[in-house]
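Dropping the structures in below, format is structure tokens.
Each of the next two complexes has chain A plus one other chain: chain B in the first, chain C in the second.
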Partner chain A sequence: MLEGGKIDSKQAILLMVAMVLPTAFLSVAAVTASLAKQDGWISILLATLGALLIAWLAVSLGLRFPEKTLFQFPEVILGKWPGKVVAFLYIWWYIHLNVEVLRQYGSFLVAAFMPETPISVFMLLIMAIAAYAVRNGLEVYSRVNELILPLILVSVVILNILAAPEMSMKRLLPVFEHGAVPIIKGAVMPTAWMGEIVTMAVLIPYLNKAKEAYRIAITATLIAGFFMLITQLADVAIFGPVTAAWLFPGLDAARVIHLANFLERLEPVVMVIWVAGVMIKISVFYWAAALGSAQWLELKDYKPLVLPVGVIIYALSIMAHDSLLDLFAFLGMFWGPYALTLFIVGMPLLLLVVAVIRGQGGSRH
Partner chain B sequence: MLIVLSLLGFMLIIWLEAPGLVKKKMWRELVAFSVFLAIGIALSIPQLLGIRPFEPNAPIEALFKPMAEWLKEP
Partner chain C sequence: MRKLLACLALLIVVAGIFSGCWSRKEMSELAIVLGAGVDRTPDGQVRLTLQLARTGALAGGGEGGGGRGATTWVVSGTGSTILDAQRKLAERISRHINWTHNVVYIFGEEAARHGIRQYTNYYSRSPQPREITWVLVAKGEAKDILETISQLENTSAQDIGYLARAKTGFSINFKDFKVMLATKGSNPIASRVEIVERGVTLGPEKEKSVVHKGAALTGTAVFREEKLVGWLDESETRGLLWLRGEILKGVITLSSPTEPGKEISVEIMRGHTEVEPYYDGESVWFVVKIVVEGDLLEQQSSEDITERDVRKAIEEEMAREVEEKARLALDKAQGEYGVDIFGFGMAFHRKYPREWAELEDRWDEVFAGAYVDFVLESHLRRSGLLGKRGSVRE
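Then we have the complex of A and B:
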């Protein structure tokens, strides 16, 4: 196999949480509040339900071919060339996902902390670190993540507790002011976010207990959903429906913290969460893109492809958007429908249906 | 200036990866590496000269416009 590493169930859960949460923590409230206003938390609940179904879909598909990844089993299911096309689209998706995450990462640091520095500097640095992590393999960055993710989760909880004096639950009322449709619309983007759990279909061959894949995917989705929910509730309880106007409500929530005249300006904590978390997030998708390319071309090793794939991601990332607003418009309006219909629900469902009809795989244990 | 630095960067990448592949006679991997790097360089050079060769998201935005409009309308 291309990737020699194996990770245990706990590492896999933490990895799947770290893959969803860091970017969501900062801006999920703005995305949902712009569509669902103060009912955004119901959108998050809906999205979590949707993501659980997606997790079930991805794992059912992956467990039919426990030795193969998402880039290999489409060939078995659909035949050689259609399968290659599907796998190629997934490689493109992982590259594109990374392009957008990388751009978001740089945009946040430039917009919020260092406006004089060119965005390319931040992006180059994080790509270099991620490339090093990916070259060292799945096992290595999973272990790094075991250290980083608990730190992130604890920071999120502490920030929300410290901001509690500024919150007023009245700002969450009235519930259902505009009916169900805005809530469903608000759930689209968080579902696409948590739906990144389809990466389980890449990860299953590298779990040391593949049988626990259902438990891993479900637990990871519930943890990610829970943290998205408390972030959403906290941000809206602080700012009300105006949250939609903020680009990074997570950051602004940290800015209002003001305790006993000495505990204030906690934005650096947010920056730590962002830099450390996004590093892991980029590493996971970068690894998937490099591994996928190598499996697609049936190479013996994916490591030689890591740096060239990084160059492609970096170049596309600079090219993709001309401004921060363009980035947010794309992510808020187009990313959800694009990722959900094609990659998160559409193709896995198609693959699963065809595999069930043709009776392929299924040697579950 | 930037373009010289970038070329040095690409040379660094080749220097890091290519000798090992040649030594281990992994020709297939070497070809894949070269093609991927060539795509990366082809995407980078125009931008260093101040040209944006194409908008990667334009086809996606065109394809998903109806759904995005549905999302946007209040």
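Then we have the complex of A and C:
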């Protein structure tokens, strides 16, 4: 096998949470609030529900072929060439996903903290670290994540508690003012975020207890959904109608913290969450892209591909957008439908339906 | 050996990279803004006034080494936007202008009357200033306010900041002010800041004493949408706080129920306000329920407050007093300015989301014509360390 590592269920849960949460924490509230206004939290609940279905879909699919990844079993299901095309599209998707995440990572640091530093510097540094993590394999960065993610989750909770004096729950009322349509529209982007749980279909062969995959995917989605929900509620309770105007409401929620004229300006905590969390997020997708490429080309090892894949991601990320606003417009308008219809729901559903009809693979239990 | 050399080379490279930051700025290279004022010049330009901390004087060893010199330096520059004005100021300030420790934004009366929204954007777009900076409107020019000095605090900007934080009147931070600007059916309000006589600084001999003029908070600035339309004085501001349910501390002074001409003061310990809107398709009315709890701490008269009937009378008097203050503010807002500054519109919005859609665009009109009923509940909880008065002959 290309990847020799195995991770246990707890590591897998934490990894799947870290894959979704860091970028969502920072800007999910602006995305949902711009469409669903004060009802954004209902959008998040809806998105969590959607993501649970997606998690079920991905795991059902993956468990039919517990020895193969998302890049290998399409061949079994659809035949050699159609399967190769689907696998190739998934490799592209993981690269594209990483291109956007990497760009977001750099844009945030430049916009909020170091306006004079070129964005390429931040992006290069994080890619170098991620490349090192990916070369060392799944097991290694999963363990790093075991240290990092609890700190991130605790920080998010503490930040929200400290910002509580600035919150007014009345800003969340009236509920359901503009009806269901804006709420559903607002749920698209968070569903695409949490829908990244399809990565379970890559991860299943590397779980030491594959039969716990359902539990892993569902627990991870619920944890991610819960943290998105409290972030959404907190940000709207703090900023009300202003929430949608911020590019990074998660940062601005930390900026209003002031305790006893002493504990103020906690933005660096947000920066730590961002840098550490996005490092893991990028590593997961980077690993998936490199592993997928190796499996697609039927190589014996994915390590020689780490550098080339990294270079592609880095170069595309530099070229992808010419401004931060461009990036956000792209993510807001295009990303949700694109990722959801093709990669998160469309193709997995197609694969599952075909597999069931043809009776390929089978649950182990 | 080769490994050792490689390690050494790596160490040197790492030391080179990590020795400093890309765009670091030392404390001694910063001009730290403590207060920022925006005035509108007669030709429509922005005049930005910055109160800068003279860090050397602030940090200096205090009284030991003779005079510390002035703690602040106030500079003004004109431009077409705030950033433009700041850019021009930078030509006269030898250090990087740093907004991260700014305490107050003061808007001049002229600027506020012309519409305040055009002056607020830079403060939230730039990552440096804080969202929790206090927002105040100067009676007169913001520049004059920032050019005062404080006797008690290091700088007048900090002094104003502490006054705002004490919440004895109405005060609001930048974030909440923006939320008010963005909310339909509510009009922004901010503290009014004004130069008044604040006390006497004594010289060695009585003749040399100087009457000290300083900036103080003297009420509330009232906006319609984004334009300043008028003020509430201190006592109307008390009423405003009752109506908004923001009362935190203060004193209610009422006349003695038994002895005319003598007064009783009750310290407010707790209070809260509920606004209940009603709408029957034609007219809108409100029932405002105010609950107030207080401790009696001063009594000029000598009735026996251990008697239940006397306490009842005092409680009724408290309620009347609170209602009177609230009516004062309400009448001014409904009658003179015709603007909803109490968040009644938001309460209506929450209760009647559907009906709100028809009324939101002419809400101030609806508010001005709305009938408001008060329901008061007052409790005298404690009376300090005394029961009945001790200095009275039986």
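Simple rule for what comes next: the second predicted complex is superposed on the first by the 363 of 365 C-alpha atoms of A that agree within 3 Å, B and C clash if a C-alpha of one lies under 4 Å from a C-alpha of the other, contacts with A are read in each partner's own complex, and residues count from 1 in each chain.
Basically, a residue touches a chain if its C-beta (ideal position, glycine included) is under 8 Å from a C-beta of that chain, and two chains touch if they have at least 3 such contacts.
Please read these numbers as outputs of a predicted model, since none were measured by experiment.
S.K.: Where does A:I161 make contact in the superposed view: on chain B (first), on chain C (second), on both, or on neither?
M.R.: After superposing on A, A:I161 lies clear of both chain B and chain C.
S.K.: Where does A:K300 make contact in the superposed view: on chain B (first), on chain C (second), on both, or on neither?
M.R.: A:K300: touches chain B, not chain C.
S.K.: Between chain B and chain C, pick out the one touching the greater number of residues of chain A.
M.R.: B
S.K.: In the superposed arrangement, which partner chain does A:L53 touch: chain B (first), chain C (second), both, or neither?
M.R.: neither
S.K.: Scan A:L263 for contacts with chain B and chain C and give back first, second, both or neither.
M.R.: A:L263 sits against neither chain B nor chain C.
S.K.: A:L89 contacts which: chain B (first), chain C (second), both, neither?
M.R.: Touch status of A:L89: no partner.
S.K.: Which partner does A:L173 reach: the first (chain B), the second (chain C), both, or neither?
M.R.: second
S.K.: Which partner chains sit in contact with A:L325 here, chain B, chain C, both or neither? Use first/second/both/neither.
M.R.: neither
S.K.: Pick one for A:M333: touches chain B only (first), chain C only (second), both, or neither.
M.R.: first
S.K.: With the two structures laid over each other on chain A, which partner does A:E116 touch: chain B (first), chain C (second), both, or neither?
M.R.: Touch status of A:E116: second partner only.
S.K.: List the residues of chain A that touch chain B in one complex and chain C in the other.
M.R.: none
S.K.: Which residues of chain C touch chain A in their complex?
M.R.: It comes out as residues 22-23, 100, 127, 130-132, 165, 173, 175, 178-179, 182-183, 346, 349-351, 353.
S.K.: With touch defined as at the start, can you tell me which chain A residues reach chain C in the complex?
M.R.: 111-117, 121, 166, 170-171, 173-174, 176-177, 238-242, 245, 252, 255-256, 258, 261, 264-265
S.K.: Flag every residue of chain B that touches chain A in the complex, lowest number first.
M.R.: 10, 13, 16-17, 20-21, 26, 28-30, 32-33, 36-37, 39-41, 43-44, 47, 52-57, 60-61, 63-64, 67-68, 70-72, 74
S.K.: Enumerate the contact residues on chain A facing chain B in the complex.
M.R.: 35, 96, 99, 182, 185, 188, 293-294, 297-301, 304-305, 307-312, 314-316, 318-322, 330, 333-334, 336-338, 341
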